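In what comes next, subunit A is part of two complexes: it sits with subunit B in the first one and with subunit C in the second one.
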Partner chain A sequence: MVGHYGALALYVLFALFPLYWLLKISVTPNSLLYTEGITMWPSVTTWENYRFVLLQSDFPAFFKNSVIVSLGTAAIVTVLAAATGYAFSRFQFTGKTLVMFVLLLTQMFPLVMLIAPIFRLMVPLGLTDNLTGLIVVYVAFNTPFAAFLMQSFFDGIPRELEEAAMIDGCTRLTALRRVILPLTLPGMGATLGFVFTAAWSELLFALMLINSTDAMTFPVGLLTFVSKFSVDFGQMMAAGVLALVPACLFFAFIQRYLIQGLTAGAVKG
Partner chain B sequence: MAAPEPAPARQRRLLSAILEPYLYISPALIIIGLVMFVPLIVGLSYAYREIQLLNPFSGGFVGLANFAQLYGDTRFWRALSNTAWWTFASVSLQFFFGLGLALLLNKSFPGKRLIQAVVFLPWAVPTFLSGLTWAWLFNPVVGPLPHWMSAIGLMDEPVNILSIPSVALWGPIIANVWWGIPFFAITLLAALQSIPNELHEAAAIDGATTWQRFVKVTLPFLAPMIAITVLLRTIWISNFADLIVVMTGGGPADSTQIVASYIFTQAYRRLDFGYASAVATALLALLLLYAVIVLRMRRSLLRAM
Partner chain C sequence: MAAVSIDRVHKSYGSVGVLHGVSLEIDDGEFVVLVGPSGCGKSTLLRMIAGLEAINAGDIRIGDRVVNNVAPKDRDIAMVFQNYALYPHMSVSSNMGFSMELRRFAKSMIDSAVGRAAATLGLGELLQRRPRELSGGQRQRVAMGRAIVRQPQVFLFDEPLSNLDAKLRVQMRTEIKALHQELKTTAVYVTHDQVEAMTMADRIVVMHGGIMQQVGPPLEVYDRPANKFVAGFIGSPAMNFFDGVVAANGAGRYVAMGGDVRLPIPDNSRAEVGRRVTYGVRPESIRIDADDAGSVPASVEVIEPTGLSTLVYSKVADALVCTFTMERPDLERGQPIRLAPDLARVHVFDADSGERL
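This part shows the complex of A and B:
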């Protein structure tokens, strides 16, 4: 038992230490960084870095852009995926195997190879350098995985429920709205959470498609900040801690569904 | 009530029954087709053209010139061998530590829920932030790792391993392992929990030791799940460029460049879309080859059983 807890303690330490360090540097005054060396906790702490990031930098705007993109993506994907997952779960139709295979395929080919063509195709459409373009791209990338996730939630609801409702005279749509939808709300919440986290983290396409500071998402903004002011460690890490907050909130929200989510999209990060 | 339906109405109902599922899936299919498959085809065609955004006179077809360049490009071959090492080291370490964690979590003990939430937390950290955090940990100015490594004699003086070509790739690998352990732990934990308890009990009654039970009961039961997870994860990680782009940008001197980050660099920094697409085509071909080999192996394994 002691060995068991000891081994778990090592895992906990390894998982938490980087995040602890991020937090620690973010509250360390810049002057102490160079004079105190490596300490577990600074002799003086400060909120100055957070004040700067929140009040004097572009980060609130980046934050807002990321929230818009992530929420927009998550909402649209959840609706599309619910419809697709419902069809996968409740219908046998010609071409179903093919469609599912194609969706699975999209999870396996390297998305990075789409960066150049998507950029070039989107310029004439006016979809580069704005949030709409990012949402369009993220919706397409996240829908296949979310559809399989939603399918697994629909599969968990017995068919008899809607069949009973349909025998009682409901149309399929009414049965869907009155019986199935309320039962699958937690599943839709989980899908929303997964997609939000994925969109919040996406970096490479945002780097390629977004140029102007106004439209930068948080990852792009933070990376730009890092390459420009690479000595302001405290400020960078304060921004990092702030980027962590929404991701952790959504993580807490989807914890119950982790296993379902990871097995539905077994290839998804 | 029982009056026979007129034929046209029945036909219409039949038609709508066939079309109904497509009504639900078509919005998703349309956007996926437009944003993923159209660019995929277009991108594959770029590989045979000269497309440099900085050069307004480019755009013509050049046949296989990009592939000829690729064949002679030492940076590409370097990236290819880096990809193999990056993928192998990341997947095997993630798997090994993930399995350990799953075994530890596969019993009930006080405080389990809290510990589980904490050890799974890295998975929730956005990848760019994982990369930045580990880059800072390796930085001797703010990070402790170089000081600790020099204290235990791993290096002569505290320096950033990300700037030493011979070991730089370990930086992103460690960040990747940290970030990816929960993924393996969660999937393997789910598989472990599906093993019927009776199997373990029967083995215990027959006098099997813990190790024998692990090797003879747990592992064979987990094997199919392990195989599929590792195979899919291998593909995903070999294409996973975020950590490398964030931590090293492929440097120093291409020592951490993998094929996926090389494609990104060609497209994003050099705006050479033609060449980037040629590299992407090569990567896709290699992945297809990998998939075919894996499927063949699976078939021959199934036949052997």
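This part shows the complex of A and C:
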């Protein structure tokens, strides 16, 4: 027991330490950053970095862009993935194996390889340097994995539940809405959260497709804190801490859907 | 309530045939049990009646309507699944009332129908629980309740008792039969358990390899099995089989086995001299230590007393024979005995086709 907890505590410490460091530097006055040496906590703390980031930088705009892109992506992907996953789980159709194989294939290439062709495609479509383009790309790249994730959630729901509903008086669609959907909510929540975080922290495409400050998401924006001659660590860390807030809020919100065992009791126990 | 008519129905999955031309007329109010080993196509047939599987060829009628292309919800049937398939996110009463709710019955009517069904099944206390808060037996009852609430034309059961422990299974068996006698709704019941089939059915349908082997009242199927498969499948302990060739002497025909054992055949049998046959006789149709003309020598191998009765296993030539007796014979291993099959209850099957002769 003690061993287990010890090992877990050590792991948690290891995983969370960078976050702690982020927090620490974000409240350290610039003047102390290099003069105090390495300390666990600065002798004086300040909110100056936060004040600057929130009131004097473009960070609020980046933040808003990120929220729009991530929420949009997560919502669209979850709906698409749920539909795809349901079809994969419940129907036999010609070409199913091929479709699944192609979806899997898209996951196999390093994104860097695809950047140039995608850029070439997006320019004539007018999808560069705006949030819509970014959402389109994120949806395309997140849907396959999310679809397989959703399929596994649908696979976990016994087919007989739908069949019972269809005998009770549902069409396939009403059965989906009244019986399957309520039981897949945890799965949808997990997918939503997963895609949201992936989109929230994506840098590569955002960097390549976005030029103007107006359309920058926060990971790109964060780089603007690195100027040609210096890195403003304090402000950067403050922005980083603020960027963590939505992800935390989001997981707090969906975690009640993640609670396992909702389908327990459907079938024999 | 309605009759169900199954007319030359075929089913295959890809190139694999599962049902090969099944025809069956089920009367209004009848309790029919489909029985057969696992994989013989019972569930497939039941699910085709329910509308959960497409019909490749042939017709299924419920009442006088061909339902081949009718959606499950419009067939006016109810089904109890092996795993119960209760809706986990709904209370017991919502589970039971779901079909009426979908058909837009008034709340008060649903409540009274659910209340009646719950009272019949002893579920009154549990109406507000979720399925996961119930025991296996209670879930089974809720599944039954969900089926009877709406008073459908036909009940379909797919191995509804096989997830229960042995004692509960016997109890629910009786309850389902009693329920059917009260409701008199046509029922099609699938099981692989021949005891369930024998005890519950008005008529048994024995299936094997996607083909109906025999249809009839339980005792008729038991007493006059149409072929060797049915003979071996129905009845526990199972029928004894011996392979041999039909021969005759002054006293009549008999089946000659190895070791010069001669098994007498009844006079009305169609087995002619020289034919290779399988000779079948049930354990309870053999008398031990008889000195009859037709008795054969055997030696005792194993004795299994159950209290109520005794099973005696003995060797006849090379074959192991099971004998059932209500007595408590005083026998020991290796003891020589004589066994006399009851001629009126001997079955002779063709060795190749397995058909009754």
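Here, the second predicted complex is superposed on the first by the 231 of 269 C-alpha atoms of A that agree within 3 Å, B and C clash if a C-alpha of one lies under 4 Å from a C-alpha of the other, contacts with A are read in each partner's own complex, and residues count from 1 in each chain.
Keep this in mind: a residue touches a chain if its C-beta (ideal position, glycine included) is under 8 Å from a C-beta of that chain, and two chains touch if they have at least 3 such contacts.
Since the structure is predicted, the reported quantities are computational estimates derived from the model, not experimental observations.
Contacts of A:182 after superposition: subunit C is touched, whereas subunit B is not reached. In the superposition on chain A, A:245 makes contact with neither subunit B nor subunit C. Once chain A of one complex is fitted onto chain A of the other, the partner contacts of A:141 are limited to subunit B, with no touch recorded for subunit C. In the superposition on chain A, contact of A:174 is made with subunit C only, not with subunit B.
Look at A:161: by the touch rule set out above, it reaches subunit C but stays clear of subunit B. In the superposition on chain A, the chain among subunit B and subunit C reaching more residues of subunit A is B. Taken together, the two complexes place residues 262-263, 266-269 of subunit A in contact with subunit B and also with subunit C.
Taken in their complex, subunit B has these residues touching subunit A: 18, 20-22, 24-25, 27-29, 31-32, 34-36, 38-40, 42-43, 46, 51, 97, 100-101, 104, 109, 115, 117-130, 132-134, 136-137, 141-144, 147, 178, 180-181, 183, 186-187, 189-190, 228-229, 232-233, 235-236, 239-242, 245-246, 260, 263-264, 267-268, 273, 276-277, 280-281, 283-284, 287, 291.
Within the complex formed with subunit A, the residues of subunit C that make contact are 50-52, 71-73, 75, 77-79, 81, 83-89, 98-99, 102-103, 130-136, 139, 146, 150, 163. For subunit A in complex with subunit B, the touching residues are 1, 4-5, 7-8, 11-12, 14-16, 18-19, 21-22, 25, 33-34, 37-38, 80-81, 83-84, 86-88, 91, 93-94, 96, 99, 103, 106, 108-121, 136-137, 139-141, 143-144, 147, 172, 197, 200-201, 203-204, 207-208, 219, 222-223, 226, 233, 236-237, 240, 243-244, 247-248, 250-252, 255, 258-259, 262-263, 266-269. Contact residues on subunit A toward subunit C in their complex (touch as defined above): 158, 160-161, 163-171, 174, 179, 182-183, 261-269.
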